[in-house]
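Across the two complexes that follow, subunit A remains constant while its partner is subunit B and subsequently subunit C.
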Partner chain A sequence: MDRQAVALSLRLSLATMIVLLVVTTPLAYWLGRSRRRWKVLVEAVVALPLVLPPTVLGFYVLLAIGPRSPIGRFYRSITGELLPFSFRGLLVASVLYSLPFAVQPMMVAFAQVDARAIEASWMLGEGRLGTFFRTVMPMSLTGIVTAAVLSFAHTLGEFGVVLMVGGNIPGETRTVSISIYDHVQALEYDAAGETALFLLAVSFTVLAVTYSVQRRVWAAWPGP
Partner chain B sequence: MAGTLIVEAERRHTRGPTVAPSFSLPLEPPDVTVLFGPSGAGKTTILRCIAGLERPDRGRVVFGDVEWFRSEPPVWVPPQRRGVGLLHQDFALFPHRTVRGNVGFGLRGMSKLERRARTDDVLRRFGLTTLAERRPAELSGGQQQRVALARALAPSPRLLLLDEPLSALDAPTRQDLRTELRRLLIGARIPSLVVTHDRTEAMALGDRMVVVIDGSVRQVGEVQEVFSRPVDRDVARAVGVETVVAARVVGRRDGLLVLRTPGPRLLAVDPGISVSRVLACIRAEEVVLRLDEPATESARNHVTGTVVSIEREGPLERIHLDCGFDLAAVVTPEARRELGLAPGRSVVALIKAPAIHCIPHEARGEPPAQSEGLDGPSSR
Partner chain C sequence: MRIAAAADLRFALEELLDLYRRDHPGVEASATYGSSGTLFSQLQNEAPFDLYLSADLSYPRALREQGLVAPDGVFPYAVGRIVVWVRDDSPIDVERLGIEALLDPSVRKIAIANPEHAPYGRAAVAALEDFGLYERVRDRSVLGENIAQTAQFVQSGSADVGIIALSLALAPDAGGRYWEIPAERHPPIEQGGAIMRWAADPDAARAFVDLMLGTEGVELLSRYGFEQPR
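On to the complex of A and B.
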């Protein structure tokens, strides 16, 4: 089993999950609760990674963060490094790739929060931010947990985007799926099988734990 | 604490009528004021404009000496800083918090210890101590209402708004809770405004009422006065009951109540009332007029009165009698001619006991039977 690749994949998944939770919470809240008509356009953009082939997404990300793009140049001027074929570049790509998996469960959860509970919180003197943390978030916990798990699991399993943006640098961009692919290419079926089994076990465990947690969450907080 | 609520606002909706209330209302606890009107009249919109959950398109909203909203020059106080308590129609309790967590939610600017003490105090006053660790889903409708009221009153608001407070409850509970809710409101000593479309609720809960029809205020006055003397036909249709008499239960027998009124005693069917003060309601259609006292009659109430006025009402005529209280009856023009009814004429009105509908109405002057109210803001 390629331990280095496993460690890298877990690190990447965890980082992606954290970035996504922070970045997408306001976006999902806006999408879930705003009444603006043009928000469907934003929804469509967010959902694009669901239907685009990973290679297409990877291709555009590569262009966007490449040394000739404004983003790439800006990044280089600050850090002196290049984004493509680096862990951070991979992180950017993963965040975009898993975006819908984080946004959609949260959006649905936020949309389902009763407007009257939010108003009740306001009437009791709580501001908008406080209302979000004390009322909206606890009432959307299942959606947030689902978003976290899905973005983690989805990043763990990504292949095409990693190949396009990250390449195959051991310890930097060589993730589990790439490692498995390499082993198979080299006809090392035993090594590939071990890593694959590990990935399967991790994914299953994470999902099983999540679903059981969700069940318990619902049992403890039955709706009115 | 008292204050005058001034609402002169206009709120347009893309769908539905424009709501343009204009009223100035002294709110003096323990008086409870009812915002009454048919469904869709704009009552809830008015309430939400007062709460700050909706912004009127223009006008102003003032309570006491604070301006909450003004369109020109713009003034806007957000709902968080109005110090208004709101009881939502379906209570809107936080499902993830316990009863204690709900009640203590709005307490701020105090230490953890103070907050805990204050929460315990409120829980005790509302009889919720034993339910403190339960979640809203484990409570009955009536208990949920009490929690919501306790939650709204815990931060000692300057004004309490209630949106159809009894409509989310099933009918038997509703009947029980009308009296209890009025006691709690009187005991809270906070100006309160109740929105309702239900006349029974309006009479059971309110002292004064504001009648809203098609988005505007048509009449403001004492509950009994509005019901007995609606200013126009729209209001009359909305209130639906022509005669309302404040009465005291002075006797009970065989499922009947003996009522002492400002006029003669009345006999009414007992709907299962435990309190001694009631409002007796009589529809004009239920009153039969005669010139002389009948020898035998099934109707139990024979009330002598003098005709005060006669008004044309569609194909019928409405007769106002003075029997010690105002009593309205409707008759056809032929009947009026046959009886020779004219102002000053003395007649006998017959009313069957089941036609007198009694609504419990605890007087505000009386100490509530079981005081459960909160301290006023003075205890802050």
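On to the complex of A and C.
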């Protein structure tokens, strides 16, 4: 098994998960609780990576962050480096790729929080942030855990986007799925099989844990 | 030192890298394989490779014209050959049938590399056209992303026969039987490389090129069926 690729994939998935939780929580809250009509457009944009082929997403990301793009030039002028074919570039691509997997479970969870609980918190003198952390978050924990686990697992399995943006560099952008693809082309079926089995086991475990967490909460909390 | 290498080098280059690591234990050297065209487009986006080993000299030359190559960085290193290749257990007697093996009634799928971006795919199509067979086999052909994937299609049994690089057919673990397509049936596959302008360690890259073009390198490449450029 390609340990370097496994370590890289775990690092990438963890980083993507953390970035997504931080960045998308306010977005998911707004989507879940806002009554504005045009929010459906934002919802549609967020869900796009579910439908788009990863190659399309990867192609646009490559154009957007490449050395000839404004973003790429700006990034280079600050850091002196390039985004494509680097770990940070992969992180940018993975965050976009796994966006719906973080936003949607949290959005659903936030939408289900009883408005009366939020108003009661306000009445008792909590501010908006305090209300979010002390009332909304504890009541939406399942959704947040699901978002974390799914964005982690989905990033672990990404292939097409990494192939377009990553460039298959050992220790930098060669993730588990790319390593499997590489082993198969080198006719190293044993190595490919080991890594594939590892990925299968991790994915199954992650999903089994997610569903058991969800089930426990549904059982303890009868629906409306 | 990072090398972006055409997929036909997949086995030969690993041996060259072993030699290189023996002589330069301090340098961490690794290779990434793909079709020459895919790697070319990545290098146009300044992918962080020090050395590019293409299966087609025209790609390194194009990079030089775009100002992406180090001074005196372009070099030819080999001439490749293509073969008609079947698995060991195939009923097709490829050594006797030659190119006619593609027309065997048992053949349902023929693997070639994608001629859009794989030089070995272009050579295969040119040879098929020269034999006047291209239109007859076209609807049965499946395209590999690069020449190693093309070999893998045949090796896994997904395709019955393939046109692949001699260097892959000669790999120790490849197995299989083959018939060499005569070199005059297609434009020569002149393989060339380039040291990139942004190479992190240009000296290490040059040392590798010297090894590859030196006696030991030439001997190793010829074992994998590569001829020397004229």
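Keep this in mind: the second predicted complex is superposed on the first by the 213 of 224 C-alpha atoms of A that agree within 3 Å, B and C clash if a C-alpha of one lies under 4 Å from a C-alpha of the other, contacts with A are read in each partner's own complex, and residues count from 1 in each chain.
Following the convention adopted for this analysis, a contact is a pair of C-beta atoms (placed from the backbone, for glycine too) under 8 Å apart; a residue touches a chain by one contact, two chains touch by 3 or more.
Since the structure is predicted, the reported quantities are computational estimates derived from the model, not experimental observations.
Of the two partner chains placed by superposition, A:41 touches none, neither subunit B nor subunit C. Applying the stated contact rule after C-alpha superposition, one finds that A:7 touches neither subunit B nor subunit C. Of the two partner chains placed around the shared chain by superposition, neither subunit B nor subunit C is touched by A:207.
Of the two partner chains placed by superposition, only subunit B is touched by A:124; subunit C is not. Of the two partner chains placed by superposition, A:197 touches none, neither subunit B nor subunit C.
Contacts of A:184 after superposition on the shared chain: subunit C is touched, whereas subunit B is not. When the two complexes are overlaid on their common chain A, residue A:66 makes contact with subunit C while staying clear of subunit B. On the subunit B side of its complex with subunit A, the touching residues are 51-53, 78-81, 83-86, 88, 90, 92-96, 105-106, 108, 135-137, 144, 151-152, 155. Subunit A makes touch with subunit B in their complex at residues 114, 116-117, 119-127, 134-135, 138-139, 141, 221-224. For subunit A in complex with subunit C, the residues that touch the partner chain are 62, 66-67, 82, 84-86, 167-172, 174, 182, 184-187.
In the complex of the two chains, the subunit C residues touching subunit A come out as 2, 7, 10, 30, 32-34, 42, 45-49, 146, 148-149, 151-152, 155, 171, 173-174.
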